[in-house]
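The following pair of complexes shares a single chain, chain A, combined with chain B in the former and chain C in the latter.
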Partner chain A sequence: MARMKFLCDSERCISCNGCVTACKNENEVPWGINRRRVVTLSDGVPGEKSISVACMHCSDAPCMAVCPVDCFYHTDEGVVLHDKDMCIGCGYCFYACPFGAPQYPQMGTFGVRGKMDKCTFCAGGPEPDHSEEEFKKYGGNRLADGKLPLCAEMCSTKALLAGDGDIVAEIFRGRALNRGKGADLWGWGTAYGKEGVKPKSDKAKEGTS
Partner chain B sequence: MASNPIDLKRRKFLFSAGAGGAGAVAAVAGGRVLLQPEAAVPAAKIPIADRGYQATEHVRNYYRTARV
Partner chain C sequence: MKRILFLAALFASANAIAAEAPPASAQDQPPHNNVKLWQDVRSGQPQFTTVRGVETGVLIQSRGETWRELRNGPVTLYGGILLCVVLAAIAIFYKLRGAVKLKAPLTGRKMARFSYFERSVHWSMAGSFVILALSGLNMLFGKHLLLPLVGHEVFSWLAVLCKNLHNFVGPLFLFSIVVAFFLFVKDNIWRASDLHWIRTAGGLLSGSHVPAWRFNFGEKFWFWIGLVFVGLTISISGFVLDFANFAQGRSIMQTANIIHAVFALMFICMSLGHIYIGTIGMEGALDAMRTGYVDETWAREHHELWFEEQQRKTAARESGTAPASGEPAAQS
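Let's turn to the complex of A and B:
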């Protein structure tokens, strides 16, 4: 059985926030909630990296472990979903999650914390697939349509990968083998002025000529 | 007053035509009745409830583009 996983290739992410926009549009996420967001590490410093972060659909999910009403569950494909009808909005999952994935509506009166909302891997929720309630509570269900999360499908540089974990890992491994890492990366010398570092393809050409 | 007997032989054609027409109508109606369930089969699609990940052509195409 395939296990659904996200993987963000930090060497490719250009911090365009296309994934964030795609998620918001596909799932009609309300104001104040970001199921996905782009985080930039060492912002403004040469070598800064951006990654797109959302629920990572952990195999041993801490949110699931701490939930007092046990509203989380794993689908057959390893997607972590929750039942909003059971959620009491206590916020334990927010504290437990290392990725800050659980989100809470903050538009209510007196700042009342509503039902938790998070990335569903575009797999809807416990309601019947494509039902009105499902869309209202959890957003779209692209997995049932034979598609993958829109954030990954819309990614212009294919930095954000989603799908079967084995295939995603194999794609990323192929990229890493092809481009190397750190100063071996194609374009590194142009961007950061490290002379003498050339892409592998150029080295190969020099070797043959 | 002489009675004018009706010669029904001349109307046999009409009777047979009427019976045939009724039969044709019945056959057509029957055909419709038979056809209706067949026509209803495609309308009643397989329920798509609780379908998860599927390696569809769309998904395979995504994987292919991600390898670039």
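Let's turn to the complex of A and C:
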């Protein structure tokens, strides 16, 4: 089975924020939360580069390793999802994540954290596919329809690729060969390790196939 | 003609370039590689982004990995071992030494040891501590110990309860500590007799009698190291984590969490000793904090200098003169 990955080609990203908008529209994310964001480096000077970043769905996911209630799981396709019914809003995944993906709606009193929210790779959550509950908690489930995440699908320059890690890596390799530069895979070392292929602790739970 | 003009123009432009630009070096041209980009990505420094929020401009924050390794590794492992060792040590000590019994029979005469207010502060501190310790231990060890027993749903329900209790009871603990500090600090100041207590380890092992003032050195250690130093460290690091709405970054919260966990484990270990000696470890100790009164025999055998001081004060009050000062008179 395919191992789903995100890939952002920093040679192509023009920081249009189309992916950010697409994500919000598709998933109707809670107020104040941005599952995806575009960061521009060397802004306004020669060598300016932009990168779109969200949850990278890591192989050895730090969020999963530190969660005190063990509410994270890898789907069969390597997507990192979590169960909001179990989440206690402790903030540990947010401490551990290198990409700053986990975020919390601030729920009033002293800024107490609500249920954590992050990118789902447009794969919904543990509820039945396309159920109302699933949409309310996690947003759309495009993967169940055989579609890829909307952020990547909407990307005007095809800088942001999502899908089978082997295929997106192959596309990127071709690009790097053609242009003769920009061969670095941003964030892949951090997210997928040296092997970068298979999730380490693959433990699909009930109702999540 | 055209050709000459073109050459002249070319010559002029070449001159102009030579005049304006210093000799080309690697730094002047946009590099053909992305070294700068990768340095910026890994720097952990915020870059430009339109998304508002704390640290949204940071692409990779590497310290989270260190935090994970520390928390999931040594803090959990050695913290767990430490707790087990301390519990076992207390159990063995109780088995070998038994409770510290009173040698003389009870007199039936009671002495006031803790006022109602002092006891209230102590029990609010103790109560909040027990809630914080149990909910905190559940956050660290529950996943390994309790979750496999009760399952994800029940454990998550419990963990939500624990998290909210922990977050709301925490400030009460700090408040109690601060009040307790001002209440008890006077009697926890170093006295000459403490040196003797340290030399004989309070007579805990030998069973010999070591005179002490209102608080012996063991209690003073618990006061200064436990309550003041460790207690305040836990409270302050806990506040950093509890009030997440002050725009503090991940880095400070990662550090605070490790400090919080390490010091909390130390505090729990010390408190186990305190709870032991205050309950099953010593006859009559719990009465002092429960009722506020102790028997004169208990006072003489455990806090002899304080007992004598109180006796002198009572005698002075009864004879109508001013109470004696804290230090005993030379002839007594």
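In this text, the second predicted complex is superposed on the first by the 177 of 209 C-alpha atoms of A that agree within 3 Å, B and C clash if a C-alpha of one lies under 4 Å from a C-alpha of the other, contacts with A are read in each partner's own complex, and residues count from 1 in each chain.
As a working rule, a contact is a pair of C-beta atoms (placed from the backbone, for glycine too) under 8 Å apart; a residue touches a chain by one contact, two chains touch by 3 or more.
From a predicted model like this one, the values you see are computed outputs, not experimental measurements.
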item	value
Simultaneous placement of chain C and chain B on chain A, clash or fit	fit
First, second, both or neither for A:161, with chain B first and chain C second	first
First (chain B), second (chain C), both or neither touched by A:69	second
First (chain B), second (chain C), both or neither touched by A:95	second
Greater residue coverage of chain A in the superposed arrangement, chain B or chain C	C
Which superposed partner A:28 touches (first chain B, second chain C, both, neither)	neither
Shortest span in Å between Cα atoms of chain B and of chain C, once chain A is used as the common reference	20
Touching both chain C and chain B, counted on chain A across the two superposed complexes	none
Chain C residues touching chain A - in the complex, by the definition given at the top	30-34, 36-38, 40-41, 47-51, 53, 55-62, 64-65, 67-68, 71-72, 138-140, 142-143, 147, 152-153, 155-156, 159-160, 162-164, 167, 241-245, 250, 253-254, 257
Chain B-touching residues of chain A, taken from the complex the two chains share	2, 4, 75-77, 79, 123, 128-130, 143-144, 146-148, 152-153, 158, 161, 163-164, 167, 171, 174
List of chain A residues in touch with chain C within their complex	10, 17, 20, 32, 34, 37-43, 46-47, 49, 51, 53, 62, 65-71, 83, 85-91, 94-100, 103, 106, 110-113, 181-182, 184, 186-187, 190
Footprint of chain A on chain B - complex, ascending	48-56, 58-59, 62-63, 65-68
